[in-house]
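I've put the structures underneath this note.
Look for chain A in each of the two complexes below; its partner is chain B in the first and chain C in the second.
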Partner chain A sequence: MSLPIVFKEPQEKTTNMNNAVIELESVSVRYRVPEERIGTFKEYMIRRIQGKVKDRDFWALHDVDLKVHKGEVFGVIGRNGAGKSTMLKIVSRVLRPTKGRVRVMGCVAPLLELGAAFHHELTGRENIFLNAALLGHTQKQVEERFQKIVDFADISGFIDAPMRTYSTGMVARLGFSVATAWEPDILVLDEVLAVGDEAFQAKCHDRINNFRKNGATVLLVSHNTQVVKNICQRVAWIDQGVIQAVGVPEEIVQLYRGV
Partner chain B sequence: MIIPNASADGDIIPVTIIRPSRGWKGIDFKELWRYRELLYFLIWRDIKVRYKQSLLGAAWAIIQPLLTMIIFTIFFGQWAGIPTDEVPQPVFYFAGILPWQFFQSGVSKSGISLVASRNLITKIYFPRIAVPIAPIIAGLLDFGLAFLILIVMMFFYGIVPTSTLWTLPLFLFLALLTAVGVGIWLAGLNVAYRDVGYVIPFLLQVWFFLSPIVYSSTIVPESLRPYYGLNPMVGVVQGFRWAIFGVGKPNLTDLCASIGVAIFLLVSGVFYFKRMERTFADVV
Partner chain C sequence: MNKCSTLAIIARIDRIDTQYAKGPSSTCEGGIVKRMGKNVIEGLPIYDSGIQRSKAIEEVVEAYRYRHLIFQLVRRDVLTRYKRSILGVAWTMLNPLGMMLVLTIAFSQLFGGTRAYPAYVLTGLVAWNFFSQTTTASMNQMVWGGGLLGKIYIPRTVFVLSSIGTGLVNLTLSILPLIVVLLITGTPIRFSILFLPIPILSLVAFSLGVGLLLSTWAIYFYDVTEMYQIALMAWMYLTPIIYPEEIVPEAVRIWLFTLNPMYHLVSIFRAPLYNGALPEIHQLVGALGLSILVLAVGWILFARKSDEFAYRV
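Coming up: the complex of A and B.
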């Protein structure tokens, strides 16, 4: 493994420590990958007694230190399996780190997969309420924003149809619309900006920019280095669970491409 | 852990510290309160989806216990001649089937609930404990519908409710507590060991015969009674019949044992669940 090249963070001198809204302190995440899949209790017990339960440790993140400042759009790039999504899952509390500590200031709106929480038999209307409840919003809060959510997703004609009749684009639009209906302190986006047509993508970018202007922080993962260059202020390149470099998008993208 | 932290403009910004979790811990009630509507929406989802996807919808809640009652009356009542404490056989069975089906369907749905909602668990953070509890509470609707049939049957057989009827909700609550305790145990175990999915129907079948549904608990040998009473569903079914017909008053010691076991299942289930919770997103 090559030595991590860490660029001097440009803002480090001017911003004080408390400005970090997301702070990862030597965070490591280990997945235990069984050498063979032990799916049943009987098999597990037999192997345990024989002393044959062998797990291979796989460190999805290894001793990661990172600070994301308030109001930044921070991008994470890297190959498949580099640990990008694991990092987002840690920040949005879906996973817990094996070692280290994460400090997150404010509420996090996670968008790890658009429409993951939707139920296909329920109507769009019902799904909006269900999805918002999963994000911790109350019914009253949803009622206040309901029309805005529908308008943004542009699905008003289908709102009372079951979700299974929706196109992929409609599901994604509604997912994005619900998750971003309330301005979060931190918005976490996993590869979700690649959905929808160009017009909708432009709307998403507008909304993200507005959040940023109002002081929200955005953490996003993307394969699309062009998107990263366009909207991020800072980028981290991660490979094999280790942060290789952090800095301005152009330089980091170039480094990443130079591999 | 969430620590309130005053920002410069006076708003309170919650700071969340995420670190490795080790050892045993209880429920974070503050967080549950924040997500209070989530449980309501999960219950509502379970009910909606079930009634939408089935042709007969709510009628199933009535047909199922009714057919079960008819079969029991023919086989166990008429042919096998198992005594039913002087209560007309159909009502006797129905009063046992009611809490049992509530318990059985709640436990079987709860037990597989986490694995069934894996797409949620790996994508969004929310208090996971709501997932196995929701299907059990959703079962109260079916219970209510089937209860209407019981009222019709009592009217038909000219059974006048006794003064003990007010205790019925208490026994229903005991059934609910037991179902939640068993449900969260199985749901947590099922994530780690998928066998649990196959074990649940078998477990419930054994449990059915260990509860006095097709027989009266008076036929249980006296020497075995103390052990028999440890099954909380014995207390529930006995209690139901006592509350409705005023026969077979549950013995207080048995009842305390039932309640004790139910609470033990619930508390240990919650702790086990909380301990396993951190691994759910990895292995589910």
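Coming up: the complex of A and C.
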């Protein structure tokens, strides 16, 4: 664990130490993994009486310190199970850290598993309202953006048809369109976007770039080191729940590959 | 600046870097900086896991902030339930009516002494159905929503609250046929019907409390829902809904009914409709008090456990 911590400021202007929008202070996350999978209460009571209920602690993140600055595109790389997704969940408030402290200055748009909340019996229109409400938007806010959401997803002919008649691509497009209809302060991306066809992907990237231009911060998790190199300003390499190195993409990717 | 307000803030002043505390939109209230959905650097809200108010209170604030979501979930439940059926919303009204009809055919000879038996059964059924449907739906919604809780932040109580909301819509819809049955069976509608919101409120509080407790449990074990169905069935027969309470011996009644919260809740719901009178005051106070207590216990326990939900599901 005695790897060098590299730190270089790629852009002096946008990233100075005082405007951290995401701050993790010695954050640790512990999962309690039962040694045996117990699904039913009956089974639980039997095991309990037998004294066989045992949990194993698994630390998905261990003492993580991290600062992400305003306007930065920050990448997180690491192997499967290294703790990348857990980190995103900590930032987007899904998990509360077991130890340590997280501070997020700004509203977070999580782009994880788009359209997971769609109900296929409802129409596209109804689903837009439901999905936007899940992201914390009011009816009025949705009404204002409604046409834009539909136009961006390019499904205007199907908007009043039940979702079960939609193709996979349409569902994903609508999911992305709703999730990004409001400009977030912080955009959280799990893996690189693979939504719809090439033309739509270009639209997605345009939209994200626009957010960036307007000062949004992007936190991105990926396996693809090439993408990370291309678009990130700083990268953290995480392994076994511990941050191994933070710094300029090229150097960190090299360190990561060297393992 | 009508950006999304995904994160709420009520932060203690000493825990925020001074740079942020000086934001123009902050208002100081007794050492507490309130910046609901406003900027920190230039209008940004803040999430700080280090600030831990009482979880129960935080959950109340968050659930209120997400009230639009609760509305949307209720809307979804009501719409999807009847979307692919010919009779649509009419089912909500026909369901208890059908049940009433069957019970009347089966039991009106047996309980012949009961005045306007169909009205007696239906008033009891409507109250009972609200309780059994909302508590069952709370668990199912929680298990459904559990998947979402692992992906995005939403106040965890919204699923239980929306189940109650859906139940209220159904209850309101079934009051109309209930009044028709009262009139047909010759039960006069008195002004006491205006008192109905109070028993309904009590039912809401009790069902919400029980729903929260059950869903805390159902998150961990999937057989809880099934066990609850059996318990519900027994509970229903121990509550005078389809039979008049007089048929139970006096000695048993004290134990069976006094200790059964649903007995009191059904009684105070029935009184203004079937009896055309206000419920007895001691019973009303008791029922209300107990409902609020159950709600408080359920809410606090649920809120305490809620941070663990995302780890489990």
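In the analysis below, the second predicted complex is superposed on the first by the 236 of 259 C-alpha atoms of A that agree within 3 Å, B and C clash if a C-alpha of one lies under 4 Å from a C-alpha of the other, contacts with A are read in each partner's own complex, and residues count from 1 in each chain.
The rule we apply is simple: contacts are C-beta pairs under 8 Å (C-beta built on N, C-alpha and C of every residue); 3 or more make two chains touch, one makes a residue touch a chain.
Predicted model, so just to flag it, every value in this text is computed and none were measured.
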Superposition on chain A - do chain B and chain C clash or fit: clash
Chain B versus chain C as contact partner of A:L135, first or second or both or neither: both
Which superposed partner A:N19 touches (first chain B, second chain C, both, neither): second
Partner chain(s) touched by A:K99 [first = chain B, second = chain C, both, neither]: first
Which of chain B and chain C A:P184 touches, first, second, both or neither: second
Partner chain in contact with A:K229 - chain B first, chain C second, else both or neither: neither
Contacts on chain A seen with chain B and repeated with chain C across the two complexes: 31-32, 39-42, 44, 89, 92-97, 101-108, 110, 112-113, 116-117, 119, 121-122, 126, 129-130, 133-139, 162, 185
Interfacial residue positions of chain A with respect to chain C in the complex: 18-19, 21, 25, 31-32, 38-42, 44, 70, 89, 92-97, 101-110, 112-113, 116-117, 119, 121-122, 126, 129-130, 133-139, 141, 162, 182-185
Residues on chain C engaged by chain A in the complex (per definition of touch): 2-7, 19-20, 40-41, 44-50, 65-66, 68-69, 71-73, 75-76, 79-80, 83-84, 147-154, 217, 220-224, 227, 307, 310-311
Complex contacts: residues of chain A adjacent to chain B: 31-32, 39-42, 44, 89-108, 110, 112-113, 116-117, 119, 121-122, 126, 129-130, 133-139, 162, 185
Residues of chain B defined as touching chain A within the complex: 5, 13-21, 34-38, 40-42, 44-45, 48-49, 52-53, 119-126, 193-196, 278, 281-282
